Amino acid sequence: MRRSTIIVMAAVFGLFILSWILRSTSLASVQEHYLIGGLKVTFSAFLTLAILSFLYKDNPFYKFAEHLFVGISAAFWMSMGFWTTIVGNLIPRLSRSLSEFFQVPYQPGSYNFVYFIPVILGIMLLMRLSSKYGWFARWPLAFIVGTFAGLNFVRYLRSDFVEQVSATFVPLLVGWQGVGHFVSNFSLSASGQFVAIVGNWVIFLGVICGIIYFFFSKEHKGAFGAASRVGIWILMITFGASFGYTVMGRISLLVGRITFLFRDWLNLIS
Amino acid sequence: MKHKSLVILLFIFCAFTLSAAQEDAAPVDTVQVDSILPPAPVSMLTAKDGENDHGHSITLRWELSADDGAGQNSVLSYEIFRWVPFFMDTLQSIQDSLEQTEAYIAELRTFLPRAEKRLKEYRKRKKPKLVIVIFVDSTQFYEDTIAASKRLLPEYEEQLKQLRQWRKQAIDEIPQAHTSYPEQGEWRKVGTALSGQANFKDVGVKERKSHDYMADHTDYYYRVDAVTADPAIRASSEIVGPVQSYGQLFNTGRIPVFVAVLVFCLLTILFVTRARRGAELYVRPLAGIEAVDDAIGRATEMGKPILYVLGLGTAADIGTIASFTILGRVAKRVAEYQTKLIVPCYDPIVMTVAQETVKAAYLDAGRPDDYYEDIVYFVTQSQFAYVAAVNGTMLRELPATNMYMGVFFAESLILAETGALAGSIQIAGTDQVAQLPFFIVACDYTLIGEELYAASAYLGREPILLGSLKAQDYAKAAVIILAALGLLAASLDWTAFINLFSVTS
Amino acid sequence: MLDTAFSIPLVALSDIGRVISLLVIGGGLLWILIRSLRAKEVDRRIVFLFIFIAVAAPILFPITFQERATLIVKRVFDKVESSPAGSKVLLAFDFDPAMAPEVQPMADAFSRHCLEKGHKVIFMTLWATGQALLTQSLERVVRGEYPDKLDGVDYINLGFKAGNENVLNIIVTDFRMMFPTDVNGVPLDSTSIFDDVKSCKDLDLIIAIGGGKPGVKEWVLYIGDRVNVPMAAGVAAVVAPQLYPYYPKQLLGLLGGVKGAAEYESELVKWYPHLKERGTPGLRMMGPQTLAHMVVMAFIVIGNISYFISRRRERIQ
Amino acid sequence: MKRQVPLIITFLIGMIMIFSFFIPPLEGLEQTCSLFFDVIAVFAFFLGGGNLMRIHINKLRRRKKDWGFSIVTLGGFIIMLAAGLLKIGNPGGIAASPTTEGALLQEIFTYVFLPLQSTMYALLAFFVASASYRAFRAKNREATILLIAAFVILLGRTPFGMMLTAWIPESFSVLQVPNMAIWIMNSPNLAGQRAIMIGIGLGVISMSLRLILGIERTYLGDESA
């Protein structure tokens, strides 16, 4: 066991060096820091393969990549937040000298002192790190929750309730010019009238039955039960569609990675 | 619409060629008239206060110029002008000098302490024995400058106070100044609109101290110029005004939402109070939840543990909150059956809450001593590290039942897949619609979206939850009825009804 | 159907490659079918291997297909195409490397189209990771392909701000409160592109590109529904189906996944043929996509066949 | 102090957010709250980083399982943080965007962060495949419907769908797989999604209401602390 791990490690290390050398030589003509360039590409290829190795089983290489990612992403978000929002939005409102230091335009204003409130709340949030004063963090937490609750309450009522209800107001007979006209040019063409009409019917009945399925305070019996059964069928079509649609997305991610390996690392394709 | 600019160019070209052609025939003066013929001005220009805002804005509407994007000297853009009294320049200069002074003061304030510090240093430093000519004694210099700045500072502050005073007065006089129209003022451009655009909103700032502060209750006058490719060739509209801006107290464009808010709040409060009074509110059984008890029984028979995954949500996510209630119920049963429960957590806060829920459940079941801290444990706050860890647990412990309740993202499929591999019965529930298909495919029972919330009400039996669930059901009933009515309205194009639901602004 | 844009020896080579890989995949599927008919478990790693081959082969030996823009995509294209030059378009890059392969092609297509039309483009993002990607694609697409376009005049990069929905909640009425400067510290007031723009109300078109939270849904809830500015979206396939209820009332069009991108690109190269050599990643990705889809469908069929057989066996016993 | 103040804060902020939606004069207040939120959000990032440090330092101290990897995490964290906060190697200096081309932050992002994250999600492609092989079974009527819908979409999203059914005449073109896929997305899928959306929307709304009114307090965490 010990030996085998050592062998694997050695092999991976060897391959890494090899790829570094090859990549650098191929880059030598292109850029002057070709050693660094080679290292960069090789390293990211190594990380890619390390993650993919998880498919075989959880292993030290995967763990290494995983842990590296955790550290880096946390730090990345921190620094971005600091430069864009703290320096970009807070400092210009708090202090002229600091703004000068960070070279951001100072925004004078007579009510700027209120912008100390988020700073204080933010520091309280950081107190969660101490077990003794952790409860201070509830104040900013309450602020966050309050903001979200308030925003969501009205925005959802508007966009996902009122707007959706009114969006369901569809005419059942699209471009209706009498039975004769309907029958005479009846067709199953995708752009035809019949298909459009059926579509609207499905939308209307589908929404109604779907909502009936989500009725909890009434037993699903009789006509109500039938409607809810239709509802679940509609939902199943929905989920089937989502599944089919999603496969494409998942594959794309793989395409992206394999393209990287073949093009940037192995130079197999242009 | 395609290649519009090209068309325009073509027209201009035609215009020139035409005029060139006429040059031979017609006398010269008429030619010039033709070639610099201004476009048709905009018509029906109206100006009124911007609706449903806090004031400080005027909305302009007009009929497009006849030459908009066509005809001779086609109009490429519209320039909006407002009559501005020269008084505003005075205000502006006050503003500028005020800011200038503020800057000086700030500079002095930062300079003084530094200079004094430096001076102290010089004072401490001994004068060299033999005085070389080059040696400059900066002490003197610093003493002077410090003295000077100390003298200047109060002056500046005084000046600042004075300027502030003036600005305040000046701002108050803005409406007065506008009454002098059309004397002591001039037209100034406040914005442009692209060709084809027949409206413009002149939005000012409501902070009085801001440079582009726009006073309410002031007589404004507007004019719109139709401008051609050559900015010199333009046509001004007739002047509109006086028009005043003022703030509205209520956004009438959002009345439908407001009504919805009121109705929903009333429903919720009504049913919560009813439920608190002990009214029996029925909740239909959910297959997924019914399955829980059997699953726990099965686990007990097999002597295998039960894995409960709370997902990636925070303690403030609805899905997670619902999941806590379900966890409580599950933990109670588990305690009764004396089965093993495993709850790996992603979020530290969620973990603390979950620990209490489980502890309380064991207490309810009358087995507080069976509870131990490690039932609920923190794994890591990284999506895929968490998945890897939970997968490992699944394949090691081979739990009889896996429950995924809460907020899940891309990891849902990996979890469910591995669970299926481990041959466990899987019960899932999430409000993340994108993940539902995977759970439905790979799990035995799935709580779909709102069912998750309902489940917590069904299990928790808390009057609050039951009450709000009932309120939601009534809201749904309303949706069905309205949809039916709307259907009729749409079919008989009965627009009055449909407009009731249109939310503007 | 097959790509003939190769010189003669290459055609032969790539064709051989295609044939071989297809044979490998087909044979393998047959083998899996037989195994499952015998009710033998197929190790998931073999399944994994298959998907890898199915995706890798068409990347090595490209297969390209024709795409025709569907209405839901066409509407977006037509909107960009028909708006007068100089319209102000906001492009939101709300995605991270995890979905970049899916939505980056759309982002590039949108950027190219807008710049070709002479629109003024405002770039921003609600994802910290989005800003890094934004920098890359600005370097590649905007500065690389349109060197004559000026920063602050023809386009501007506002970058990232923390706060998700709350950022939108501010810019809906005031850009400068949230973005006093652009990403390089240039005050918005000193940029000509923001002369007539105070808030989102003053834009002519908003295109949100995303696939997570915050994403298009947030844009609809906080911006699209509040200001009457036409809004389009390009999203990862995972979230596309959920956004259909917003179409066409709240979203004028929607690009879903690589297919959406490919359709848009096909329309783009139809109108601007010179963009063809700039690369059409979406169209190129459809080859691997198609093969992988076939394999997945084959898996579904095989899985069900074996399922029914095993069920019959149980009944017999 | 520990429970009442948070409840009051939630209530006040929530009310401001709701009323400012209908009362224009309050818009300014709402915006300030939003800006506060944005700033606090950054501190939340810091909290995340702090938590990470704490957990992994503990792991190191206690020599817990895999403690060696904690060094990797901490190393990555510290290097990236230095690169980011000090703008190391940023050609534009302190004023420039932190993600300027050539800055160390951007380099690490491109060559470490990007491959790591995108590969992690690329794993999903494999799991989708294996799920469709072992789990995607027509167990009952519902599952069958789901399966058929998925199959049509899968086919319709690829050029093969067109090839297979191109022979169908225009007058029956809805039966062509791509059109069928489009129709499914536009009608049944839309209906189902809308039903779910309305349901979840109502759930969100009533939860928000409960949070604002202080009926729902789970987010405050444990009672004792």
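Going by the order they are written in, the chains are A, B, C and D; count residues from 1 in each one.
Keep this in mind: a residue touches a chain if its C-beta (ideal position, glycine included) is under 8 Å from a C-beta of that chain, and two chains touch if they have at least 3 such contacts.
Since this is a predicted model, take the numbers as computed values, not measurements.
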Dominant chain pairing [most C-beta pairs in contact]: A-D
Relative to subunit A, chain with the most remote C-alpha centre: B
Separation of mean Cα positions, subunit C and subunit A [Å, integer]: 13
Computed distance of Cα centres, subunit C from subunit B, in Å: 24
Rounded Å distance, subunit C centre to subunit D centre (Cα mean): 17
Where subunit C touches two or more other chains at once, by residue number: 44, 48, 51-52, 55, 98-101, 129, 131, 159, 161-163, 166, 169, 178, 185, 225, 238, 241-242, 245, 259, 289, 292-293, 296
Residues of subunit B touching at least two other chains: 254, 257, 261, 264, 316, 380-381, 384, 410, 421, 433-434, 437-438, 440-441, 448-450, 469, 475-476, 479, 503
Residue numbers of subunit D (touch at least two other chains): 18, 21, 27, 34-35, 37-39, 41-42, 45, 48, 51-52, 95, 97-99, 105, 109-110, 113-115, 117-118, 120-121, 123-126, 128, 130, 132, 134-136, 146-147, 150-151, 154, 157, 182, 185-186, 189-190, 193-194, 196-200, 202, 204-205, 207, 209, 211, 219, 221
Touching residues (chain side subunit C, partner subunit D) in the complex: 1, 42, 44, 47-48, 50-52, 55, 65-67, 70-72, 96-101, 129, 131-132, 134-136, 139, 157, 159, 161-164, 166-167, 169-170, 173-174, 177-178, 183-185, 241-242, 244-245, 247, 259, 286, 289-290, 292-297, 299-300, 302-304, 307-308
Subunit C to subunit B touching residues, read off their complex: 44, 81-82, 84-87, 98, 118, 196, 198-199, 201-202, 204, 225-226, 228, 238-239, 242
Interfacial residue positions of subunit A with respect to subunit D in the complex: 40-41, 43-45, 47-48, 51-52, 54-55, 63-86, 89-90, 102-104, 114-115, 117-119, 121-123, 125-126, 128-129, 134-135, 138-154, 156-157, 160-161, 164-165, 167-168, 187-192, 195, 198-200, 202-207, 209-211, 213-214, 231-248, 250-251, 253-254, 256-257, 260
Subunit D residues touching subunit B - in the complex, by the definition given at the top: 18, 21-25, 27-28, 48, 51-52, 55, 120-121, 123-124, 127-128, 130-132, 134-136, 146, 150, 193, 196-200, 202-207, 209-211, 215-216, 218-219, 221-223
Subunit D residues within the subunit C interface of the complex: 27, 30-31, 34-35, 37-39, 41-42, 45, 92, 95-101, 105-106, 109-110, 113-115, 117-118, 120-121, 125-126, 128-130, 132-138, 147, 150-151, 154-155, 157-160, 163, 178, 182, 185-186, 189-190, 193-194, 197
